[in-house]
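Two complexes come next, and they have one chain in common, chain A, joined by chain B in the first and chain C in the second.
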Partner chain A sequence: MTAMQDMMKDPDVNLVLSLADDLLMLGHVQGDWTGLGPILEEDIASSSMAQDDLSHALVLYEHLGNRFGLDPDVIAYERDVADYRCCDLVTMPDEFDWSVAFVRRWMVAHWADPVLDRLAMGGKDLEDRCRRLRAEQGVHLSYLDDWMRRLGAGPAEARERIQAALDRITPLAGMLMEIPGRDLDVDEDFCCGREELFNEWVTAMDAVLSGAGFIMDITLPARDVIGGRRGEHAEHFIQQHAEMNEVRCEDPGAAW
Partner chain B sequence: MVIDDGILPSVHAALADIPDPELPCSIVDLGLVEAVTVDEDGHVDITLLPTFTGCPALDMIANDVTRLVGNLDAVESCRVHWVFDPPWSTDRITEAGRTLLKAHGVTVPTCGGEPASRGVEFRTTAIACPWCGSHETRLDSPFGPTRCRTIQYCESCKNTFEDMKRLDHEDEASSPGAG
Partner chain C sequence: MSKIRQRNFTFADELPPHADGVMHSYIAYTARKDDAPHRYAGYISAPDISLAVEYACEHYGQDEECTNIWVHLVEDLLETPCAEESIDPDSGADGVDADEDPAWVVFTQNHRGDIHIETATLHAPDSKTALSRAVARHGDSRVQVRVVARDRIDSTEPDQLIWRTHDQTYRLARGYSKSVRTKWAAVRKAEDIDEYRKDDIENHF
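Up next is the complex of A and B:
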């Protein structure tokens, strides 16, 4: 069995990969906005957060790489599509609608916070890494929460567009809660309770939304949902993955 | 492990001369160096702390350290290790580093000061402008030219300046290591 197969068979790996793959793909997708942000500061912020997300994914891949004797780049790029544990919310096309891109990023940043808290229970090395990542993601959260409040206090167009984006994304946001592994009980244990995680995530989002005057109607999806986190990916994931791997396929080992 | 006092001072001196690629101060003044050990055969191990994990300068810093320390007389080899414990903090920046940064328009939060995150505003108390000293300053952008800095604006002298980000776990961070 190869090191990669060993890694994919380890149940503890699933939650680490879920977040790492979410951040890898979101960082890649959000990178499409570089140069196109609505204002200069926003463009810089968006690109900075995308860069952070990619490096946070790398920090988690490095942890797995050290454990299983794999190059983190190999983990990031060379798995079979079915071995990616990201949910398809992160690769859903935003059609260059800033409100959709913003609301998705805000939801994923809120998701990363309690997940990093849980991952930090996975031993000393993960604890050190996740503690740092949580602090850095905290900067994103502050920034995005601030924007959410400002948009809520903004003109009608801002409020309508954000509410419309929330209405569109909320039904898909449950994808984040999909149990990543094949063994529902083992993976739920590792999450320290899926319901608790869900409540923590939603409570933090609600606190911001209620102050901003927005509404989000979200429920915990069933445990046995099968989707991206268990390797059943949508077409848009496959396209984004192929695009992300283009240079690596063209010129393996390229460096600059 | 035997510490060779003969090599150690020269290793520290070499480190103190290595500039951060993106800031006008050395990696020692920035508080990146956590530990330096030398064994009896001249193998040097240097433990560094990354400022922000997304900092693209990390590879360059590691290369500079391995090359410049590795070139010293009596140094057989030099290895660099990045660790996250303790987490790097602005509290690790030395007084000399703070003075150098301020001269280049980069302010540093006081040790034990307010974190940059977990609040609607970043550093709610006004920062003294490094150019004119006025406290009539405001946050212009929480994301600056590098991961570790915000952009601030001074209403008084109409100049921008940068402020090093202090993260909210830093109250738990240790003070600078012996390195």
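Up next is the complex of A and C:
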């Protein structure tokens, strides 16, 4: 059995990979906005945070790499599509609608916050890494919360566009809570309580939304609904994955 | 840009609209360490000062390690003309600072092209008096002196995380590093690399 197969069979890995893969793909997708942000400084800020997301994924891949004797880049790029644990929300096409891109980032940042808390209980190395990442994801969260409040207090067009984005994304966002493994009873333990995590996530988002005047109706999907976290990815993930790996496939070990 | 997304993307219809509202120009400064002077970083365009601080964190705060950021409106600045050699300190008039007067932060520039660095704080009743005192006290060997009312400067919170603690090397341009050259050398002739490097530097710098 290869080191990669060893890693993928370890249920401890699932939640780490879920977050790492979410951040990797979100950073990749959000990078598409570089040069196209609504104003220059917002463009720079969102690109900076997309870079953060990529490097936060790297920090988590390094943890797994050290544990299983794998190069972090190999973990990031050389797994089969079905071995990616990301939620397909992160690769859902935003069709260059800033409100959709923004609401997605905001929801994922709110999800990452309690997940990093839980991952920090996974031993000293992971605790050290997650403590740093939580502080830095906290910067994103604070920034995005601030923007959500601003948009809520903004003109009618801003409020309508954000509400429309929430309405579009919310039905998909619950899948962030999908149990990332095939053995539901075993793997749910490693998520430290899916319902508890869901409630914590929704409560934190509601606190911001209610202050901003937005409404979100989100439900926890049934635990046997299968999606990206269990390897059943949408076509848009498969396309993004292929594009992300293009250089890697052409020139393994490429560096600059 | 993603090739996948290009398929469903028509620039004329889908580009985000320009932001409405009034944008203001701000100047941002960064401090490399606690208690280190704030150094000019650059301009920020934002609708209000608190967002300008947030933008400055993501823009200039990631250029180099820093622990604090200051931001103020461009029009809150009063400055001397930039001198050829050095300002004559006698062109200013010193006076006695009264604590009850507003505080003014003094920024100075040592040579043309240098950045402005926080130099001192003084108290004065108005901006002209503040600049005059700043020139008298700090003009020597400087080409420009600026003053900004301290209460017009917004800043990051104490202990606020600005500079990221993870490996930042991926963010920073490392063109023509040894590793890049080694990579290129595997697929191109040395003279081609030198020629490309020469052209590229000429085009970009």
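Throughout what follows, the second predicted complex is superposed on the first by the 256 of 256 C-alpha atoms of A that agree within 3 Å, B and C clash if a C-alpha of one lies under 4 Å from a C-alpha of the other, contacts with A are read in each partner's own complex, and residues count from 1 in each chain.
By our rule, a contact is a pair of C-beta atoms (placed from the backbone, for glycine too) under 8 Å apart; a residue touches a chain by one contact, two chains touch by 3 or more.
Quick caveat, the model's predicted, so the values are computed rather than measured.
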Overlay on chain A: chain C relative to chain B, clash or fit: clash
Partner chain(s) touched by A:155 [first = chain B, second = chain C, both, neither]: second
Touching partner for A:38 - first (chain B), second (chain C), both, neither: second
Chain B versus chain C as contact partner of A:243, first or second or both or neither: second
Partner chain(s) touched by A:145 [first = chain B, second = chain C, both, neither]: first
Of chain B and chain C, the chain that contacts the larger number of chain A residues: C
First, second, both or neither for A:71, with chain B first and chain C second: neither
Touched partner set for A:51, first chain B, second chain C, both or neither: both
Partner chain(s) touched by A:128 [first = chain B, second = chain C, both, neither]: first
Partner chain(s) touched by A:59 [first = chain B, second = chain C, both, neither]: both
First (chain B), second (chain C), both or neither touched by A:96: second
Superposed model, chain C segment overlapping chain B, candidates 2-10, 56-64, 92-100 or 128-136: 56-64
Set of chain A residues, in rising order, touched by both chain B and chain C: 41, 44-45, 48-49, 51-52, 54-56, 58-59, 132-133, 135-136, 138-139, 143, 146
Chain C residues touching chain A - in the complex, by the definition given at the top: 1-5, 8-9, 14-20, 23, 44-46, 50-51, 54-55, 57-59, 62, 161, 164-168, 170-171, 174, 179-180, 183
In the complex with chain C, residue positions of chain A that touch it: 29, 32, 35-42, 44-45, 48-49, 51-52, 54-56, 58-59, 93, 95-98, 132-133, 135-136, 138-139, 143, 146, 150, 155, 236, 239-240, 243, 254-256
Touching residues on chain B, where the partner in the complex is chain A: 52-54, 83-85, 87, 116-122, 140-144, 147, 165, 167-170
Interfacial residue positions of chain A with respect to chain B in the complex: 41, 44-45, 48-49, 51-52, 54-56, 58-59, 124, 128-129, 131-136, 138-139, 141-143, 145-146, 149
